[in-house]
Amino acid sequence: MQLHYIEKIRQTNPLIHNITNIVVANYVANGLLALGASPIMADAVEEMEELAKLSSALVLNIGTLDSVKVASMLIAGKAANQQGIPVVLDPVGVGATTYRKQVVAELLQQVKFSAIRGNAGEMAQLAGIDWQAKGVDAGSGAEDVALIAQMVAQRYQCIAAVSGATDYISDGQQVAKITNGTAMFPKITGSGCLLGAVLGAFLAVDQQNPFQAVTQACISYAVAGEIAAKALQPNQYGHFYLGLLDSLAQLDDQKVAEYAQVEVIGG
Amino acid sequence: MQLHYIEKIRQTNPLIHNITNIVVANYVANGLLALGASPIMADAVEEMEELAKLSSALVLNIGTLDSVKVASMLIAGKAANQQGIPVVLDPVGVGATTYRKQVVAELLQQVKFSAIRGNAGEMAQLAGIDWQAKGVDAGSGAEDVALIAQMVAQRYQCIAAVSGATDYISDGQQVAKITNGTAMFPKITGSGCLLGAVLGAFLAVDQQNPFQAVTQACISYAVAGEIAAKALQPNQYGHFYLGLLDSLAQLDDQKVAEYAQVEVIGG
Amino acid sequence: MQLHYIEKIRQTNPLIHNITNIVVANYVANGLLALGASPIMADAVEEMEELAKLSSALVLNIGTLDSVKVASMLIAGKAANQQGIPVVLDPVGVGATTYRKQVVAELLQQVKFSAIRGNAGEMAQLAGIDWQAKGVDAGSGAEDVALIAQMVAQRYQCIAAVSGATDYISDGQQVAKITNGTAMFPKITGSGCLLGAVLGAFLAVDQQNPFQAVTQACISYAVAGEIAAKALQPNQYGHFYLGLLDSLAQLDDQKVAEYAQVEVIGG
C-alpha cells in the first residue's frame, strides 16, 4: 500500500529550500505552506551549505538568473547531494536563451537531480529534441511527449515530469500519464514553479520511491487545480490564483485517490 | 476603423520582456497573462540581446534598481531598438532620489522609447517642471497635467502617458483625456507598473499607431479597473488586487468601447 | 488618552522605507497601503541616504540576504539614526545559519533600533537563549516567552515584540501580552514581515511612545487578522492572504479598542 503523502507532509513539515525566481517566490512559499511543508527561500552563497543540513529537499528554479544565484545553486546542489537529500530542477525557459542552456548544462553536470520538471518545450530541449519554444511558455511540436519524459529520465538518471494539459512522468522505463488538471494552470504565473516545489515536498517524505513520489505529487497538484477551477468561471484567473492555495490546504490523500485519473504504461 | 487590440493580443500572444522590480514582478506577469500576452521577466546581462530577438516589446521599470539591473536595461534597450520593437519606460519614483534621476537620464539618452508612463509627479520630473513628489506616489501640484504629457512627449519624441484619477496621453500634439478608472488603483501596489506592461502589449500589436495603441491601452486598463471595483466595497483593496486580474481576463474590445470615456483635444 | 494611531497614519501617510526580501516585498507594500501608509521598497546603495531624509521610518528585514543588500542596510540604518527616524529590525530565520547571525550582529552593533520583531525562536536567539529553531518558522522551547521579550528589550535598549499565538511586547520592564489573532497567520508567508512594517508605520506617527506604538501596532494587526479569519473556513489560506489586506483597510481605532485583548504586566 502506498504512502499517505499529504498526511505525512502535514505530520513532518519538511523544510524545503528553494532557490527560485523573483516572480514566483511568494507564491511558491504560500503553496508549500498550504500543503503543510515549511518553505525557506534563500540564495546567499554564505548560507547554502548550512541550509543543506537543515533541509529535507532542495528545489532549483532558473526563472530569473544572475551569476551570483548560479554560484549559490551549484554550492547548494552539491551540498544537498552530500547530505543525501533530494534535489529538483525546474529549467524555466531553458530553450529561450544560450545563457539558460549553459547554466542548466552546468547544473546537470555538477549536481545529481532526483527529479526534473518542465513543460514539453523545456523538457524537449533537455532531451536534445527540436521543439518550438517561445519564451518560458510551452511550445508545441510533433514529438511524443511521453517519449520526451523517458528520454530526459534516461539521460539524467532521474524522474522526469513533463507538465501540460496531460502530465507525463517517467523513471526512464515506466510512464505515468495524468489527465487531471485544468486549463487555468497556464493562465497564472508560477503554477509550474509551485509544482516543482511540491515535487520537493513529496520526495522529502518518500525518498526511496521517487517515481511514485513524483507521480503522486503531480496527481495531487492537478487534482487541487481541478477542484479550485470547478468553483470558478472559466477566466477568473485572479481567483484561481488564490483558490489553488485554498484547494491545496483542503486537499487530503483520500480526495486525491478519488479524483485521480492516472495510467501507468511500461516498466 | 481601429484595431481590435485585445482580440489581436489574444490571437498573437506577443512576448513582452519586462525588466522590473521585485515588488510587482509577479503581478505584472499575472496581468499580462490575464490580458492574453506572454510575459517574460528576466534581467541577466547574459541573455538580454537574445531575448530582444524573441520579444515583441520591452518594458523597463526602475522600481527597485541596482547597478547590475541598470546595465541589463541599457543592453536590452539598445538591442530592442536595433530589433525595432517598442520599448516602454516606467520611471517609478524618479523624483525621489538623485540615483533614479541619473539612471533615467542615462536610459533616455541611450535608448529610444516608444512610450513613457508615470504618475504626474514622475512625469513632471521628466518634463523638468517643479512638482512636489513624495517617494514613489504621485504628488500634487499646480501645473496642468495635460501640458506635462505634451512636454514629455515632445522632449523625448515618444508617447507620454500620465496616469491618475484622469489619464492624459499625448504624442506631443494631441492629448487624449480618459476619465475611466477607480480610486482603488493607487491603493494596490503595482497597478501603475502593470499598466506600463500593458502599454507594451498594445504597442506590440500596433507599432504603427503608437498614440492610438497607448490611448487604447490606458482606456482598456481603466475600464478593467472600473468593472472590478464596481463589484466590491470601497476599501476591499485585497479583493481588488485579484479582481483586476479577473476583469482583465474577461475584458473584450466591445466592452471597452461601451465603457470608454475619452476625449481627444488638439492634433 | 492614547493616540488614534490608524487615524493618524491615514491622515499623514508616513513614508515607510523597507529593505526586505523578494518573497514578501509585494505583500508588505500592499499591507502598508491598506493601512494608509506609503511604502517605498528600495535597496540600491546609491539612494539609501537620500531616502532616509524622505522617510518617516525604516524597516530592515533579513529574509533573503546578499552582501549588497547588507551593505545597503548598514548605510540606510545609520542614515536613519542620523535623521532620528525609527528603525525596525525583523531578524527572519536568524537562528538558521551562521551568516544570518553575523549579519544581525553587525546590524545590532552599527544601528540603533527602535524595535525588533520576530517569532519566539528568532528572539530567543537574539536573547542568547537556546531554543529549537527550524528554518524561518518559530520553533518551540521551554523558556518563558515574556522573559525573552524582556531580555531582548534590555539587551538592545529597544522595544521587543515576540509574535506568536500570543504576542509579547516589552520595553525591558513592562510586558504587554496580546491574545488577539488567528491560527491562520503562520499559514501565509509574510504575515510576520508585514507586521514588522506595520510597526514602522505606528512608530512613525508616535516616536515618543515606542512601547505604546508597538503594542498598539501588534494589537491592531492581530485584530485585523482575527476579523479576516472569522469570515473564512479554517484552511482558506489563500483567501486569508487577501482578506487580511481588506481587513487592514477597513480597520479603525474604535474597532481595535473593542476587540483588544491585552494585559500589561510590570513596569
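For clarity, chains are labelled A, B and C in written order, and residue numbers in each chain start from 1.
Throughout what follows, contacts are C-beta pairs under 8 Å (C-beta built on N, C-alpha and C of every residue); 3 or more make two chains touch, one makes a residue touch a chain.
Just so it is clear, the model here is predicted, and its values are computed rather than measured.
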Chain labels contacting chain A and also chain B: C
Write the angle of the rotation needed to overlay chain A on chain C, where the fit uses Cα atoms and the result is rounded to the nearest 5°. 120
Inter-chain centre distance, chain B versus chain C - centres from mean C-alpha coordinates, in Å: 33
Residues of chain C that touch at least two other chains are 22, 26, 241-242
Under the touch definition given earlier, write down the residues of chain A that touch chain B in their complex. 21-24, 26-27, 63-67, 93, 96-100, 134-137, 186-190, 235-239, 241-242
Inside the complex, what are the residues of chain C that reach chain B? 15, 22, 25-26, 29-30, 33-34, 38-47, 50-51, 54-55, 68, 241-246, 249-250
